[in-house]
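Pasting a structure here, questions to come.
By letter and in written order, the chains are A, B, C and D; residue numbering begins at 1 in each of them.
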Amino acid sequence: MRTPMIDYLHLLLGSVAEDAGEVASYIPELELADPDRLGIAVATLDGEMYAAGDADVEFTIQSISKPFTYALAIADQGLDAVLERIDVEPSGDAFNEISLDRGTGRPRNPMINAGAIAAHALVRGDDAEARAERILDLYSRLAGRRLSIAEDVFESELSTADRNMALAYMLRTVGKLRGDPADVVRGYTRQCSVSVTVRDLARMSAVLAAGGRTPEGDQVFDPAVNRQVLSVMATCGMYNSAGDWLTSVGIPAKSGVAGGLVGVLPGQVGIAVFSPRLDPHGNSTRGVRLFERMNHDLGLHLMAPAESARSVSRRLERDGAAVHEIAGDLHFTEAERVLRGFALEPVGDAPVVVDLDRVHRANDIARRMLLEGIRRLHEDGHDVRIVDPWGVLGSAETGSGELVRGEQAHGGYVPASFPDVASAARA
Amino acid sequence: MRTPMIDYLHLLLGSVAEDAGEVASYIPELELADPDRLGIAVATLDGEMYAAGDADVEFTIQSISKPFTYALAIADQGLDAVLERIDVEPSGDAFNEISLDRGTGRPRNPMINAGAIAAHALVRGDDAEARAERILDLYSRLAGRRLSIAEDVFESELSTADRNMALAYMLRTVGKLRGDPADVVRGYTRQCSVSVTVRDLARMSAVLAAGGRTPEGDQVFDPAVNRQVLSVMATCGMYNSAGDWLTSVGIPAKSGVAGGLVGVLPGQVGIAVFSPRLDPHGNSTRGVRLFERMNHDLGLHLMAPAESARSVSRRLERDGAAVHEIAGDLHFTEAERVLRGFALEPVGDAPVVVDLDRVHRANDIARRMLLEGIRRLHEDGHDVRIVDPWGVLGSAETGSGELVRGEQAHGGYVPASFPDVASAARA
Amino acid sequence: MRTPMIDYLHLLLGSVAEDAGEVASYIPELELADPDRLGIAVATLDGEMYAAGDADVEFTIQSISKPFTYALAIADQGLDAVLERIDVEPSGDAFNEISLDRGTGRPRNPMINAGAIAAHALVRGDDAEARAERILDLYSRLAGRRLSIAEDVFESELSTADRNMALAYMLRTVGKLRGDPADVVRGYTRQCSVSVTVRDLARMSAVLAAGGRTPEGDQVFDPAVNRQVLSVMATCGMYNSAGDWLTSVGIPAKSGVAGGLVGVLPGQVGIAVFSPRLDPHGNSTRGVRLFERMNHDLGLHLMAPAESARSVSRRLERDGAAVHEIAGDLHFTEAERVLRGFALEPVGDAPVVVDLDRVHRANDIARRMLLEGIRRLHEDGHDVRIVDPWGVLGSAETGSGELVRGEQAHGGYVPASFPDVASAARA
Amino acid sequence: MRTPMIDYLHLLLGSVAEDAGEVASYIPELELADPDRLGIAVATLDGEMYAAGDADVEFTIQSISKPFTYALAIADQGLDAVLERIDVEPSGDAFNEISLDRGTGRPRNPMINAGAIAAHALVRGDDAEARAERILDLYSRLAGRRLSIAEDVFESELSTADRNMALAYMLRTVGKLRGDPADVVRGYTRQCSVSVTVRDLARMSAVLAAGGRTPEGDQVFDPAVNRQVLSVMATCGMYNSAGDWLTSVGIPAKSGVAGGLVGVLPGQVGIAVFSPRLDPHGNSTRGVRLFERMNHDLGLHLMAPAESARSVSRRLERDGAAVHEIAGDLHFTEAERVLRGFALEPVGDAPVVVDLDRVHRANDIARRMLLEGIRRLHEDGHDVRIVDPWGVLGSAETGSGELVRGEQAHGGYVPASFPDVASAARA
């Protein structure tokens, strides 16, 4: 069977055939871009890639580099040190405004140039080349192939980097930049000049969608760092129109003046498009329309809740035992329903079976909630047996169908119970 | 078994025993509040309610009314008419600033007073009392019980409503308000004076979390309206600190000066807390800390992707047929994986079984993707049989285990195929 | 002889025959104005009036009332009390912006609506009518005839006073307004509706030019109050273009939306023009051009220094006495030169004549400086004789040509010497 | 006689013995300044200098250089070219803010750093050294002695000029700066490092007070340029407090971070003080107090009109002729009164004597008005005779006491009549 995914992408591209806006002109080299290029790529968290159009055309990453370098800065310096220098508030200003907070001097967020320059400067490395090299290594790791810098664009941008020079000097004035401003701008300009395709960007975005992990299982960013980056993309990624973007498209995104645009739907996909003509905000005109369209067609919106769960668990009686048959993926919400079922068991020594045969995924909190429920059933006197053929509760020693005592389960599975008294005391 | 949910809530409340900040003083009646009150309630989408502390103490809803009235305004006037009068961009300003856009005159968003007053004025109704009555009806429907207005607070607020009077007159000046400003402020003040408990607010929030539907299945808000409201809450709900809130807590929220604070995790839960002392932003001090804590403990964050899905589908050979065994909830991402499996089937007339026995939920796009895959398998010549005991594909006539022709399936199940050519042409 | 003054005014009016801009439309009654009206009047400090064009057409004073009411507010409450409520800083904002200082809540200055409303509210009077009556009395006293309120314009403006209502409520919110906002706006609107001609306005302006004194010698404003008003007019009187106005025209001025425009050259003249069409700043289009033209033709600019003084004093020897012949008006600068001449007298008992026959005017500081010089000459042993036929040194008992001892002069003339030790200690 | 001027200055300094504030610390070299230094100098337009305290201590001119270089930029490029790059509006921002107009990109005015750097760049000269040399020549010419650059301060400032570097790069970005930003900052820093005493600054200010002319008669600045500079100093010279300064002190002024402060009273004096401790606005704390004190003591305020003129002219009958005896300095206002007297002469051939024996000064417009009056008297048939012993009417050939025909007078004296038809037509 030919997958309809590719057909859909072609349809999508066809729906934005007409175009408007101008190619970025403030960097001479960018003006040379073919304004009619149009490409799209969608990457899944496990490494599948769908692409259509000019998916193999290289262009410079430009501002799309910002979230990734921000993540690296946090990894290198810690979140607190980064927050001390760069705020995370949306800015009403255009992408090239100063936007330093009057009180603290911090750039408003890492998605505007001032904040992105400050973030670049926080990347470890002795000079522009060293920092740019570490950044290139990171991007390559995310993209799954060795990337390189478009030296001609780099030279062109560096020679017209007045505004970034101004920002870098201003940052040093307010104590938010160490090092030589000219060197920092040089490094930042190299970062912006990394050459990518939509395939690369889709894969890089998919890593963010996967909580910082590549399809190959390489945990590039700590989940907390990854969440920080996505949160900032959600409110600050699309320049002037944070609210407009979140209401109409509804996913964390970032655009670049070369015409790239990426979007991340956490837990689902990374998407990248490329079309060089820009709207007055500096976002790819067709890129924005493609995202609006996909949002409409595919229901990819942070605020679009999944259909409300129906029968997560049901209680049967089988061979004198109460059987709790649980189905579907388990997070806090689903685990709460399971506990609700457990709570109906009267105190006593009747056997209880927790059947997880139809459960394939559970996150940490759901696991802890289930285990706590199992522990309490056991405390109530029940003989609790667990069926967990998919290993959802996380321990290798619990085989499929094996009956175990809740206490054992508790001991064997989790260091932390729910509710977590230790955690409560520590807060 | 005693559910650990309640124990957890007690632990939570205990973790914020110490308090700081001041009770709102600009409205005389609010100063009378007992500053030590502390309550919490968590409502699930299917109507379960967990509560602890002062969960039955009544207080006035104040600004927490804003998202709900905004939704009503959209329902009454249509989104376009509302957007023409009220923008959706986060505002750096404090909650009582003017914040009218210099160009358009629109309030920056419906979560600041100017925007909330404009939204109130868009609710249908001849005068303050009529609008307030319709609003009270709505809130009661959301809360699942008949609410009432705290007349003493209403009188007190109305007598000190200078700033709101100023805003209403200013709005009329710029053409963003029809009707008598004093009447609009009167109605808006009644709206803010609705008396609620955290149980009420949690349930109201759970309706937003459920895409606009009550646990009883009453679709109060259109899903698109609901998504609009949540998006605006995500960026504009917490006054000065949109970015800070989204990075640290990560869920759409709204606070009120009486000490209430609600949060919505789409598809999962509605949460409400109550503690009257406010921080300098005007948000409940302990309320904010409770949300930070829950975010940490329960992983309730928009940007925290579920663990990446493992084996959604597997291909078996059984009785000469290729069997695609599918498991777990299906959205775009999971459906894409199923299609990937289908795509491996070579063209031919070998029978193919699509086994949905382990699938309990699928959203519309996933349904359409599966059906399109089934249609294509059929076009390739396969004899496709569908096992759908849970009715995931949406049609009653497809019984569990019944073998059907893909064509039939296609004809019987869905009006729209994927990719959706009609939709593409229309865009 | 026919004075060329009138001819000049006719020439001036002819030079701005062409016009552009629109009549103010936000007040229905103002739209009725004949847009082609054009009048001018120039009033001297001693009561002469030159006028041309539509000099007897009545129109409403509108914002030109602001400086006069500001003066009355200071007279009624004291400068400190007024400064506590209204700042004196130029505002970059348009005339109808809020412009309350974020820190103090004060309106930026009394020439924008917010500040003018606050100033109106500071005028003594129990209600709108009482305040408006006192204000009308003041304006009448300044204009030299009984003025009245254009009731039709008043009613029209009051019915469209939303913005002013907004400002008044906002002022009360920040504690900068006592009393009922609606009553204050009513009174302020009456103030703006006073009916005047350019003759009236020219005379009112001439009082400001004369340090607060009418041609008849009625000291309406204290000189310090008058100076305060002029300073504020200089920086804040012409809406958006404080710097532009001061560089190109260079005199304190105030415009009104009905088409009036007044200018004050301290110590010289008051000027008023009337032409209803307004530029985008809300200033009379032809009015502005007339002022630019007069500035060019007549050298009326605060920063255009008089030609530098030549021989203020000369020393002659006559009949064995040193005669200091002094000529011209005396202020600090000229008095300094006189003292310079005195300083050349060697210590001794040679007679010294101070001949003021050619001096017609001296201000207080110059008088004190001369008297101190005379006292010192006397202390040095000289026999000082004073010729003061014009009474410049201020005492009736010193007749023309009479020879007096310096000591007598000192005793008789001035309570305060120069340098003023008492004043220095007090500071 | 010992002049009381010096005594007064000593009293003044004594009155500000106590001090507060901090020495500027952002430039290392400035921190070395002795914070207790206190000096004052007052320079008259004809070259007299009064000084007290640390009047010979050298310090760097810093921002006090701004008005003088602005004048040079206008002289070099023309006013229009300068206005295209630098606006003249007061800025609410602190001295080191960006303050570029969002629309035009122009710095708000030439007294903030951004505008001063743009002005420096407009001075002719191939590089930093060339521009600085021309500037040093100008300042030396104004100060009346050869000045030099404090190389140690220059080096210190240049090494900490991050903010100015930022501003220069930003200016180039918006097209308001040609040339290399680093070179411009270097030249600007040299300009700020010129070493001066209060005597130098007082004399430089006196040139501005004299309409651009040195006491020796060297017309350094065109009067229109000079007026432009003074106007800008009046509204923009004192950083945050334009309105406050103009109301309380009332003269154009400029401060520098090294502790200098100059004031200019047009037509009267130039004043300079020096005291290194600064208030939060960056103005010399004691310097500001000294100016407030002088304003109070000496009546030096732009808005303090001279006492209103009394008998400027009187009409006598002598030997059958009408004699108009005119006295005092003549500007527009006084000339108007003279014309008023002329206008009383009935048409006829009676002789009229215009006696200017008691007139010592007249500006151009007054001269033209008198001559036009004389011409009209002649046209009416009068035999007009002019007594002008001081040459006030401006022509050498008219000797004292000589009787001339009005026609001759007109022909001989002035190219332009009043009213000036040619000028009116041109406008």
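Here is the rule we use: a residue touches a chain if its C-beta (ideal position, glycine included) is under 8 Å from a C-beta of that chain, and two chains touch if they have at least 3 such contacts.
Here's who's who by UniProt: A, B, C, D = Glutaminase.
In this text, all values refer to a predicted model and were calculated from it rather than measured experimentally.
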item	value
Chain hops separating chain C (Glutaminase) from chain A (Glutaminase), counting only touching neighbours	2
Most widely separated chain from chain A (Glutaminase), with each centre as the mean of CA atoms	C
Selected pair, greater C-beta contact count between C-D and B-C	C-D
Centroid distance [mean C-alpha coordinates] between chain D (Glutaminase) and chain C (Glutaminase), Å	21
Chain centre separation in whole Å, for chain C (Glutaminase) relative to chain B (Glutaminase) (CA means)	62
Contacts with two or more other chains, residues of chain B (Glutaminase) listed in rising order	none
Chains touching one another, given as label pairs in label order	A-B, A-D, B-C, C-D
List of chain D (Glutaminase) residues in touch with chain C (Glutaminase) within their complex	1-5, 7-8, 11-12, 14-15, 44-46, 48, 87-90, 92, 109, 209-211, 213, 223, 226-228, 230-232, 234-236, 241-244, 246-247, 250, 252, 265-269, 293, 296-312, 327-329, 331-333, 336-337, 339-340, 342-345, 347, 358, 360-365, 369, 372-373, 376-377, 380, 418-421, 423-425, 427
Chain D (Glutaminase) contact footprint on chain A (Glutaminase) (complex, rising order)	96, 98, 162-163, 165-170, 172-173, 181
